[in-house]
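The structures come next, written out as structure tokens.
Next, two complexes with chain A in common: one pairs it with chain B, the other with chain C.
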Partner chain A sequence: MIKQSPVHFHRMKDMPSTHLLGTGTPMCAGCGGLETLHTMYDILGRKTVFVNAAGCMTLLSVYPFTPFHGGWLYTSMASAPAGAQGVRDAVDILLQKQKLPAEEDVEVVVVTGDGAAYGMGMSATSGAMDRKLDFIYLCYDNEGYGNTGQQYSAATPHAALTSTSKGSHGYPGYKKDLFSIWAAHNPAYVATVIAAEPLDLAKKIEKLQTMTGPRMLISLAPCPTGWDYEPELSVEIGRLAVQTGVWPLKEYVEGEVRHTKVPKQRKPVDDYLKLQGRFKHLFEPHCDEQAIAEIQARVDSYWDKNAAK
Partner chain B sequence: MTRKLLTGNSAAAWGARLACVDYIPAFPITPQTEIIEDLAGWIDRGEMDARLVTLESEHSMITAAGSAASSGVRAFTATSSQGLLYAMEMIYAVAGWRTPFVMVNVSRGLASPITLESDHNDIMAARDSGFLQIHCATCQEIADGILLAYRLAEHPQVRIPAIVNFDGFYLSFTREPVDLARAAKARAFVGEYDPENLQFRGNSPLSQAMAVLGGGPYSYFRYEAHLAVQQALSVYDEIADEFEDIFGRRYDMIDCYHMDDAEYVFVMLGSFSTKAREAVDSLRAAGWKAGLLRPRLFRPLPQQRIRQLLRGRRAVGVIDQNISMGMGGVLHSEFATALYGLEDAPLLGSYIGGLGGRDISQQEFFAIADELKHAYENGESAPPRLLYTRNELTEMRKLQAIAQAEHAEIHRS
Partner chain C sequence: MFRIRFHGRGGQGMKTASRILGTAFFKTGYEVQDAPRYGAERRGAPIFAYVRADKSAINERGIISHPDLVVIADDTLVGMPAAGVTQGIDAHTLLLINSHDSASTWQQRLNTEANVLTLSAGEDVADRATLPFISSRCAAAAAALTGVITREIFIEALCEELDHLRQDIIDQNRDIALSEFDDMTVNAGLAKQGGLATASDYVKPDWIALPFESAQISNLAIHAGVTSVKVRTGLWRTMRPVINYPNCSGCAWICSTYCPDGAIKVRTDGYPEIDYEHCKGCLVCVAQCPPHAIESIPEHIARDQEVGETT
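And then the complex of A and B:
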């Protein structure tokens, strides 16, 4: 893969003004995952092959329509990284045997939801990182099995109501730390991103374009249908996820973790939680101060430990 | 042409090498592993120009084989038994992608109970996937079958992946003399891989394996795959003719042994059919008109040819090394379907044997022949039989007695 990045993203006006991804997809209004994909695709450009696992975005390409200018391959829920392996290896073989001109090389991008990334597809992802596969992985993390109606997954945060955790305390478990699990493989790059912070996202994509090997992105994906809020709030909720410190923006390169956008004065987690129906039970009919305090304490503890990074 | 003493696994590796494969996604499983070890060794020593990648599972391995074949290279892979079942989601999926590549399955019985030894329940589980299936009885047939399989899978009227199947242990680890084709001749026979319209490349839009909405488009693509598999029947003979012209060996879609005048016929798949051949020889020496019919091509099933070959015979014993729980032998029910309504159809008997590497003895073949004769004379098929000897049951009872004693001892302590 020829590594290049012709554009440098310093300020918002450097961002692409038009989208490459076609309109009219069946994604929900306000889909935070689709926004991340837009920005990513705008920067990566047409010479990409997206390899997809079962999830919401599987519906992007429904015969005979596709919003992509390049390649799209649906695989299964568990094996998208292996699909990327086959495409990458085949293209490398053809380049090596001079059966494909260098200008027709492609960037291979795995796109999966958290259901695949945090669970069923983890073994295939781990294997791809072991093999130092030269690919990009985008996990759009809407914190539940969204395409089937938001049942809880290993990415679901503590106390969230989902279709399979409807009790008065919501989901009893805690969100799995996929960033650390991926970083433990020592891939070329791991970062957390969110579409509501497009400059941070663009800079990270710009950076990973210069690298070779596994380049892994986890995008928190505010989800109006799964998180129960009005679509126009997606950007605000995304920003609050960062400003409250609930979703730390960070990157891992060569053994070091660095935070790319540290909220100077963290807002209370209430600001983030109360906009979402999935946390409504923490505020109504009575304020569950203990549960909110616990969530706040976990966020504070994270930043206490990571203040210097 | 060179003659070598090769195991079935080595013959399979040679088949892939002679077919000029570019890419081998792999995963180890007994009894298949020697195939990927041979290939890896050749690649490491620079004797073979291909890339081998060990995936972390068979599910990923088949995904990578399919996606590589979708990206313009000739792919080869191999598995067995539990590995085939672990990959099964993708076996069905990549057949639908219409990506031609070849996979070897070294047949081994399925859990539970877990075993390493051979039978055909693994390959039968892939029966309805869309993969073509070629079943081999000798090591020679394995090496040649892989070359034939690539031609069949990549044929413009077919374009679907193929499985070359052979029995674990009985063939995988058995050495037989194999004539290996000269590399240049084999290369000319298989030709260059033509990805047709399936190739991911920069600046070229291609969507593969996308979703459909509604039963109409879904049925269309499923019927297309079915018809493509059936097309393999009409192009098989021309490929087999060409193979015979070049290499001097003939591989009909159905292998016949003493079928010209046979009144009583054994039907089997795979290497155990060589036991049936021996039984046919003995029966012939004793004055019987016995024969053997072995489908080499199992998917598509050559139903028309089966009807032609079995019409007017007295009785046919189908010996299945698989068992469909609650139904019986799969091959038997397929032959019953093929022969239903045929004028002058033979009586059909069902025998299940050879599960988990269990032998089928010559005495059992003779007993089957006796039963077929009896059925013909009575005008009525015998009920299905599960082959098992009194001696085997005695040995089994001894194991159960030990298990009970162990159990009792643990409870006492």
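And then the complex of A and C:
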């Protein structure tokens, strides 16, 4: 397929003013994942087939309703990249046999939550990257099994309360570094994104459109329902995730990791944590200074190691 | 058997209300079923939970289609067909509506023989999805209306179900629930038990019988795109964002991009326009608008204003 991006994104004003993704989806009000998807879809365009592992976004297409202009395939949690392989192969065969005109070629886009990406679907994803499958993978990471009531996942951050980590210290584990795991496969592209930084997101989509092979995106997806905050704060919390350094925006191309938006003066992690009910126990009734200091130290240590990149 | 349905919006705690009432019944010596309807529950979206309680084993299953008592935490749900609030109500049913309008107004509006009572909680609350303590109040009112649950047992059940919360929050819930229970005691027994349903009494719903068809006919392949716009998610909204155009600086790419649902269009003149059919009322646009030109107003007030403008 002809890989090119028709638009160039230099400033917010360049963001698409018409939206391709249909309204009327059952995603929660203020969904940070939907915000990423709609921006991404605006740029990728109609010639896309979405392969969706079970998760919140499965509800996007509930018969007879769909927000997409094109195809959508539903798979089990672990097998979305395998589904993408099937769609890619089928399209390639049709193109080869000239049963599908070249201009009707499609981009295959996997959409899964963090439950599938960080856990159950990791093996199928690894296999797809081994085979250099030409596809895009979007993981909307709301740091838990959001669709079933926010049980912890391998993406849950340290100390967050989930419905399966209700103790006074929250989740004892640490968020898995999926970016590095994916990058270790040396795919064409890996990036972290967030809808609260639309320009950074748009530039990355623009870039990956010119590439072939596995192109992997992890979008932190602020989740009013699972993280327990007022829906109107979704963008604010997303922006703070970047400004505090909790969610580094970066990309991996040809063996190199580059940070695309380095916070000049990182805000304290408190600013990000205190807006969310899932971290409220760190501030009330007593301030758990030790836990907050640990979270801050991990963020500082990350940036100390990556200062030059 | 008591058959009780709670209707509310996602976030109001109707599941908690049904659990408190169910536990209170159980402690009183009843066999109990209590369950929320499991589905894609979302904040602001209509949800319901139900309780069945009987002195002998309960063989009924599933959704309550002929309730003895219907508790409605938010009166804006009554007009939403998807909420199913009025489903199966008749002269035997008691409706308890949280509303500023009077019981007789509701009786007329619904053209029903059902007995109606009102609960007026949250007169000063703008966002009706966040009415404070509404789950405890609804549970307390329902318990009192049955006339079989004592004050002491009710409070025991409430404290047990809210055990995971902070003590001061439990105390607040208890105090408010108790005053609701006491206020409702004059109506004790108004929620009457319905008779046992037997299979032979079963009346088929008023459905249209369709012949069995193959999947190709009964489950049509839909090739049209973007059919989701037929779903009016605007009904979820409890707060409405309103653009104050004189203050709008026309940077529509901001609100239009940040709106998670893509429910803000950019008009040909460059100004944004909110699609109220689909806007879920998350208010991200209100928070992000650089010149603060979008304000939020309670949906029920916005609707009253619309009615005023058209008449």
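Just so we're on the same page, the second predicted complex is superposed on the first by the 309 of 309 C-alpha atoms of A that agree within 3 Å, B and C clash if a C-alpha of one lies under 4 Å from a C-alpha of the other, contacts with A are read in each partner's own complex, and residues count from 1 in each chain.
Just so we're on the same page, contacts are C-beta pairs under 8 Å (C-beta built on N, C-alpha and C of every residue); 3 or more make two chains touch, one makes a residue touch a chain.
Here the structure is a predicted model, which is why all the values come from computation and not from measurement.
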{"item": "Touched partner set for A:His69, first chain B, second chain C, both or neither", "value": "both"}
{"item": "Partner chain in contact with A:Leu59 - chain B first, chain C second, else both or neither", "value": "both"}
{"item": "Which of chain B and chain C A:Ala29 touches, first, second, both or neither", "value": "second"}
{"item": "Partner chain in contact with A:Arg131 - chain B first, chain C second, else both or neither", "value": "first"}
{"item": "Which superposed partner A:Val235 touches (first chain B, second chain C, both, neither)", "value": "second"}
{"item": "Touching partner for A:Ile295 - first (chain B), second (chain C), both, neither", "value": "neither"}
{"item": "First, second, both or neither for A:Leu21, with chain B first and chain C second", "value": "second"}
{"item": "On chain A, the residue positions that both chain B and chain C contact, one per complex", "value": "46, 59, 63, 66, 68-70"}
{"item": "List of chain C residues in touch with chain A within their complex", "value": "40, 42-45, 164, 166, 219-220, 222, 225-233, 236-237, 251-254, 256-263, 265-266, 275, 277-278, 280-284, 286-288"}
{"item": "Residues of chain B touching chain A in the complex", "value": "22-23, 25, 51, 53, 55-57, 59-61, 63-73, 75, 89-90, 93, 200-213, 217"}
{"item": "Interface residues, chain A side, partner chain B - complex", "value": "46-47, 49, 51, 58-59, 61-63, 66, 68-76, 78-79, 81-87, 89-94, 97, 99-100, 103-106, 123-124, 126-127, 130-131"}
{"item": "Chain A residues within the chain C interface of the complex", "value": "12-19, 21-32, 34-35, 38-39, 46, 59-60, 63-70, 166, 195-196, 198, 224-225, 230-236, 285"}
